Amino acid sequence: MNTLILSALSGVIMMFSGFMLNTRTAVRTLAHILLLVVIAGTVLELRGTTLFNVDTKGMMVFDRFALLFTLVANICTLAYFALSSKDMERVGNNYSDYFALIFFILSGIVLAASFKSLLILFLGIEIISIPLYILAGSEKLNLKSNEASLKYFLMGAFSTGLMLMGIALVYGAMGTFDTTRMEVVGATPVLLTAGMMLLLFSMSFKASAAPFHFWTPDVYDGSPTVFTSYMATVVKAAFFIAFMRLFTDAFGGIGMQWKLIVSIIVAMTLFIGNITAVFQQSVKRMLAYSSIAQAGFMMLAIYSLNADAREGLILYAAAYSLATIGIFAVLIKMKDQSFEGFNGFAKQYPTIAATLVVFLLSLAGIPLTAGFISKFYMLKATVDGGSLGLAIFAVLMAAVSVYYYFRLIQSMYFKEGSQVVAVPMTAGFKYTLVGLAAVTVLLGIFPELLTNWLYF
Amino acid sequence: MGITQILFWILAAASLLSALMVVISKSPVYSVIWLIVTFFTISAHYVLLNAQFLAVVNIIVYAGAIMVLFLFVIMLMNLNKETEPQKNRWLKLIGAVAGGCLLVVMVAALRDTDSRMAQLGSGNIGLIQNLGAVLFKEYVVPFEISSILFLSAMVGAVVIGKKEDSKVVDIAGDEAKRRVAEARESMGV
Amino acid sequence: MDIRYYIFLSLALFVIGIIGVLTRRNAIIVFMCIELMLNAVNLLLVAFSKMHHLAAGAANPTAGSEAQLFVFFIMVVAAAEVSVGLAIIVMLYRNTHSVDINFLNRLKH
Amino acid sequence: MIVLLLLLLPLLGGLVTFFLKEAKAARGWTLLVSLATLAVSIYALTTKSTNALQFSTGWMGSLGSSFSLGLDGMSGLLCLLTAIAYPLILIATWNSEYRKPNNFFGLMLLTQAGLIGVFTSTDALLFYFFWELALVPVYFLCSGWGGERRIPVTFKFFIYTFTGSVLMLIGLLYLYSQTPDRSFALESFYALNLSNDAQSWVFWLLFIAFAIKMPMFPFHTWQPDTYEQSPTATTMVLSGVMVKMGVFGVIRWVLPIVPAASFAWGDVAMSMAVIGIIYASVIAIQQNDLKRLIAYSSIAHVGLMAATIFAENKIGMQGVMMQMFNHGINLIGLWIVVELIERQFGTRKLSELGGIAQKAPALTILLVIIAFANISMPLTNAFVGEFMMFTGIWNSGVTQYNIVFTALAGLSIILGAVYTLNMVQKIFFGATNAITTNTHDIRGNEKLALGIIVILILAFGIYPQPLLNLTDGFVDNWLKEVSISNLGVN
Amino acid sequence: MKNLIALIPLLPLIGFLINGLGRKHLPKGVVGIIGSGTVLGSFIISLVIFLQGNFSATPIKYFDFINVGSLQIPFAFQVDQLSTLFLLIITGVGFLIHVYSTSYMHGEKREHFGRYFAYLNLFVFSMLLLVMGANYVIMFIGWEGVGLCSYLLIGYWFKNIDYTKAAKKAFVMNRIGDLGFLLAVFWIIAKIGSVQYEDVFTAASLDKLTPSDITGITLLLFLGATGKSAQIPLYTWLPDAMAGPTPVSALIHAATMVTAGIYMIARSNALFVNAQVTNTVIAIIGAATALLAATIALRQNDIKKVLAYSTVSQLGYMFLALGCGAYTAAVFHVMTHAFFKALLFLGSGSVIHAMSGQQDIRFMGGLKSKLKITYLTFFIGCLAIAGIPPFSGFFSKDAILLSAFEHDKFLYAIGLLTAALTAFYMFRLLFITFNGGFRGTEEQRHHVHESPAAMTLPLIVLAILSIVGGFVGVPEVFLHGGERLGEFLSPVIPTAHHTISHSTELMLMALTTVIAIVAIVIAWMRYRNYKEEQNGALGKLLQNKWYVDELYDSVVVKPINKLGVIANHYFERSGIDYLVNGVGRLVNYGGRQLRWMQSGQVGSYVLLMVISMVAFFFLQFFLRK
């Protein structure tokens, strides 16, 4: 609750800061301070101190899972701010509004992580989505951005329609929106099954799982890269957390009804994401497809729905977000955002290149990085669930993913580039990246630093 | 079959027909009008179900505010003529068939639902006073939360709608302008 | 009234909306079709609300009202969505003088 | 604790190396670290205290894993090989110039840490970690400092190996999910009693990973290219030590865990190995590139080891142990020569060389000895191993095709002679040509490295018993784990 | 005693090390003294053992070579009568050839001179290991060791690429045989669990082995012998091996190494006695080889090639004897052959030395007067090999023919024919070389001179041995209580009892002698004054060695190469690697093809979504039940 209210308030404050503050630096500083306050609030709540006493009438539950994910999302946002907030200046004039929207998204994330009622889920997802539509189109004079925005909006609204129909059908079957009160006795009502499936489709859409992923590459590609970075990481992770919470709470009991379909979705997502990413020439688009591929892995958590999956999903969210934010932050600075643009990068920026390698290794799932350990959790959960075949398919696809992640490493390290390939980067930027890389490795070696928070 | 049943069938037919017309109408303006008709029939369904509050809100908000906004935009863009280029006929057909299949499959699936009754005409939960009580007792949190939604929509409208300040010219903006010009050229607009 | 008729009616409206999305090229009309889908959901929710109200009987006089409130929230959200959506469409129109979604293919592959 | 020290020395040493910008300092430091590692490993083999050879501490406890290292006969032998290999490689390549030497040597040491970790870890997850840790630095080494086609070739190598290792990960995970105590510990895996079907699954999942690493026919095509394109120092590590990871993996992580499947699929695996032996030998005869020739020869040799493992008897296994060590030493020797030749003449094509013996007698003599060791001439180290392996296959009680396998594998004795002597002849004999006319003989450091190798070759060829004693206990225990009477009712 | 025995092989090894490491620094004289001296030392020790009669039937163990579980292979020596006999031959003849070499190789550069002696010493060491080993593994060590030395010495002049090719050929063909040997050893281990001679032979007599085991093992061992001892089908390397220096040919490719196969079979007589099939095979192959090589030798013009084929032929004789169960006769012939063939080779070396490297007898002639000692000794050698009594060859050959007669009349006939051919081609060689007019260049004519004492002395010693060597095995028919050799060897090789009456035996001897003399007379008539020969069809066939090399080339070598090319090019590159890369390409291709879905059109995206929804609903509600 702390986070929800604080971030909403921060959003409001940022809305008005545009009038009050003259310089962008001040705006940025304010945003950082507010985010730190939000994080402090989250930590406080995680330690058991609630600043606001609000009775949600059982519509929300702030358990450790929700709070921990909120914290992860906040910290990833902090990393994002630290690395990329300066680059938002280049998008358009409404600098402070962008921050406001991101704070609103954060409060949506809190809702998505802690809902207990389908209503809150709906509101949360909308609160996340609507600012995203705007952010996608924030580069108003860029047709790609316009297009991304409209595509995202139309398809997002369409999937909202699907979700609402699903909610309606579920309500028709169960007579309640409370996800924890959906025990089925006897045969599963068809209404519930149909509603569950529609919810599955719309959540798959939000999480960009195939065959509902089509918007992802276009929107990620068209949006201003700074916002793609956020969209593809924290937001996507939040959708997954919501996805997981929904299926654990509401449909955990009728697993037989959806396991098959989810496994098909997992397989398709992994396949399409990885295979299509191989052919991309632009790093940004490659990352878009890679985010689909990673979504396939995260879907494994939905498929398994056990303790490992919960821990793993949190870890995955952290690992994936940190690494992708890091890569995007560098990508924004690049003059040419294709693979060739990175040629010779390591020579000019050895430290940053090294951190990028850590991130890429993490995404590819090489041990000693957080990416590996989170994939490991997913696979463990899947194998424990008895789906050896799915796990094998997943790792084979992970092997394919090495192909495109390592292409970037090759470009940076083993190919010659002629001129300066990127705009200057500050020392602070560099050290932040190093810090992120360090966290990635640290989580890779001691994942319990994070996962233990779920239990104590 | 009572009067309510008869009314239901009539309204159902009307709403389906008007909904179809929304899709079929060539002119966007007609589509809007037909959509408003659809909303009215749905409001009538609400009345039939004794959900008076929603019936009113539906007319005020949807038919009144939202649809007028649509109409306004269409007029603004001067799209009232049948300017819409026709989509590939086959694609249209495939789209219609796919939608039809979805309907068939879902109806076939949901046919097995228990035959339960919905209360028509009576029951007072749909009255403003009862709904209001529930809203402000039980649903105050989501109510407040929806304010965030509106705030963000508001900010969004500002961000999107405000004209780009030409005084602040940065590299990215120039670049964007150049790209727009290119894009227009390439699209033949 | 048998609830199944409501279900079928809503589904029909819903699918008509979907078909509209599939077949139309004008972004505004596509958007309107989505609104139609939402209204189909609203109708269904209200019907379900009355069904559950009937089922709960006197034991719970407010049973079913949550669905009607949900419809209320859907309308709220729809309104917000419309404001943003129309803003986006207008922005696009300003840049390209078209609202044809088939022009939206600079981003592909 | 010794075993931890063994691992930490190269690991920390390697990390430090990255910060030594001075070429000489990096090189010297690396040599120092590797010599220290050698000293520790020798101490570890001579110490009597079994406590010092085990180390375990909590790590990822919630995943059922722990940081457990252990040194038994086999891992001791392989660690010794690794530890010997590094100083030799460094001495032999002392004069090679590398771009960014600190990175090069740092990665080399990290590879060593990975190798030692693989050999010593007794926890599956830890094993997997080190397995990859040994792979990733090699990727950078080969891509960064390799030959012309290094990028695609190394890439293929990496993806190939990575695919194998992720399959292995699934196998390990499955085993883990079957353990009653939810543990990745090796003992828990050994205690498993899986159904035959499950064993078959696990067998192939694990075996393919190791077969790729060895590499074994038909998973070998990455290897000649990679050897050809890698910088020679890395190739030495790759072929001398790293292929042993595959053999090691099969011995430690496949047969004792899934004995029934290993028994059932043993014939298939042995056939693959034997086909590979002949196939690789026949292809080796055709090679004109020195590196590729040695690469194929290595495939043949490793194939023999793989075949012998599935024979599951003591003499064969002891032969495998011997050969794992000796093959490493011999191959490093061969690669050193290749490096010398390439550096001096700028070519590795056999057709462009010739007549070197006239100008470089010392090099010739040392290479001829190593070459004959490579074709297992008696009184060189390889003979003992190969002899025992052949005996082991013939005496195998688990396959009914033992005689056929021995006879076919035995063809490598002939074919090996053909390609090795071809190589010797084309490099050293005949008249000099334009390229080789200004040959100079080897320098001190190279002579030292090759001399050490030759001494090792002869010493262990004449008196192999110390090595055999080292692994004797391990082999006995191992046989108990894999023996068919141990299978129980499935 | 134990240490003394160890010294026998160690001395040459020490010589090898000193000469090998110090080849650049030691003067040639010192190298020669060390090289010959160490072998002499070994010879003296062997002689001491022989004279003391201090034979050990039990192995003398030095250390564990391989000791794994139940299999124990000690590094042990066994110096019994058979070994001692071979020791004497090896070290004795070896010493003489070392001495000869000091002079013959004197023109070499210092380091190559040292290298040569190092190789020779290493060879002697390996050969000694071979005969002294107390088990098959030690024998195999020596077995491969002599192969290695043979390789090194054939390719001694490594600048000549053809020589190194010949060396390679020798080694590879030996290896084919070695594989047979090894397989036999594995078989023995599998059945008996030991490779110690005593265990194996005891087990053989105790019927631990089934007949098929014995047949298999002995056949494989024989395969090993065909490689080392140049029998059909693996004989072609030996003539090519003449690329090495002539003393090497004398030592390795005539006197010692090539007899290793005979030694091995004689040593394993306990196994072979019970293997009838194998014995038949051995006898037939031996006889065939003897005849084939003899026919080829008829038309060779290279002095060393003639001798090489003669060696192959004589080895065939020995195998004929082995096949007939006459182990003593075979060993006897090994000994006499070592004397006279070493003599002949060294004699030819002397001729070549005199002719400044000329080896073709067509360009010699009339050397009789200029090379008196050489001529005389060479003549004695020819008489010995032709089997003219009382030269040594007569007795040993006769023993073989006798047992062949006993065994099978047809084989005897072949043996007899071969004996005639042998006498013919040897004297053809002698007459062409030493009689008639000089056909060399003027320069050579001036240069021709008798060799120095270091070369002629060994010739003389060997000539004497060739004359008297036969008396150790004078048959009983001449000397009551004869067959001393058989008696001497009887602890190792059970004495065979002849069933043939003395009168028949004498008849056969007479027949052999007469035939040989007739052949010599024909040779005298034809080649007394040599002129260029016209080759008929048969002559061409013989000159080209029955085209066996070409046959092997097209039947074995080329197909293997072709197989390699196919495997390398088609299977490896276009097959496996193509498949592997194909997976990558498939992924790439898939990536390109899958892009059609990403058309950029919202309509088609939604359409695909709707279609998948329909599919999922259908699957959920109607397919899975």
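Order as written gives the chain letters A, B, C, D and E; numbering starts at 1 within each chain.
The criterion applied here is as follows: a residue touches a chain if its C-beta (ideal position, glycine included) is under 8 Å from a C-beta of that chain, and two chains touch if they have at least 3 such contacts.
Bear in mind that the values here come from a model prediction, so they are computed numbers and not experimental data.
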item: Intersection of the contact lists for subunit A and subunit E; value: B, C, D
item: Chains in simultaneous contact with subunit A and subunit C; value: B, E
item: Label of the chain whose CA centroid is most distant from the centroid of subunit C; value: E
item: Most centrally placed chain - per-chain CA mean versus overall CA mean; value: D
item: Best-connected chain pair, where connection means C-beta pairs in contact; value: B-C
item: Chain at maximum distance from subunit B, centres defined as averaged CA atoms; value: E
item: Centre-of-Cα separation between subunit D and subunit C, whole angstrom; value: 65
item: For subunit D paired with subunit E, centre-to-centre distance based on mean C-alpha positions, whole Å; value: 37
item: Centre-to-centre distance between subunit D and subunit B (centres being mean Cα positions), rounded to whole Å; value: 68
item: Interchain centroid distance [CA atoms averaged], subunit A/subunit B, Å; value: 29
item: Subunit D residues counted as touching two or more neighbouring chains; value: 159
item: Residues of subunit E whose C-beta touches two or more other chains; value: 584, 595, 598, 600, 602-603, 606-607, 610, 613, 617, 620-621
item: Interface hub residues of subunit C, defined as touching at least two other chains; value: 3, 7, 17-18, 21-23, 25, 30-31, 48, 51, 55, 63-64, 66, 69, 73, 77, 80-81, 84, 88-89, 91, 95-96, 101-102, 104, 106-109
item: Every chain pair meeting the contact rule; value: A-B, A-C, A-D, A-E, B-C, B-E, C-E, D-E
item: Complex contacts: residues of subunit A adjacent to subunit C; value: 119, 122-123, 126, 130, 133-134, 137, 140-141, 143-144, 146-151, 153-154, 157-158, 160-161, 164-165, 167-169, 171-172, 175-177, 191, 217-219, 221-222
item: In the complex with subunit C, residue positions of subunit B that touch it; value: 4-5, 8, 12, 15-16, 19-20, 22-23, 28, 31-32, 35, 38-39, 42, 45-46, 49-51, 53-54, 57-58, 61-62, 65-66, 69-70, 73-74, 76-77, 79, 84-85, 87, 91-92, 95-96, 98-100, 102-103, 106-107, 110-111, 113, 115-120, 123, 125-126, 130-131, 134-135, 138-139, 142, 146, 149-150, 152-154, 156-157, 160-161, 180, 183-184, 187, 189
item: Subunit B residues touching subunit A - in the complex, by the definition given at the top; value: 106, 109-110, 112-114, 138-139, 141-142, 145-146, 148-149, 151-153, 155-156, 158-160, 162, 164-165, 168, 170-173, 176-177, 179-180, 183
item: Residues of subunit C that touch subunit A when the two form their complex; value: 3, 7, 10, 14, 17-18, 21, 27, 30-31, 34, 37-38, 40-41, 44-45, 48, 51-52, 55-56, 63-64, 66-67, 69-70, 73-74, 77, 80-81, 84-85, 88-89, 91-92, 95-96, 101, 104, 106-109
item: Residues of subunit E that touch subunit B when the two form their complex; value: 603-604, 607, 610-611, 613-614, 617-618, 620-622
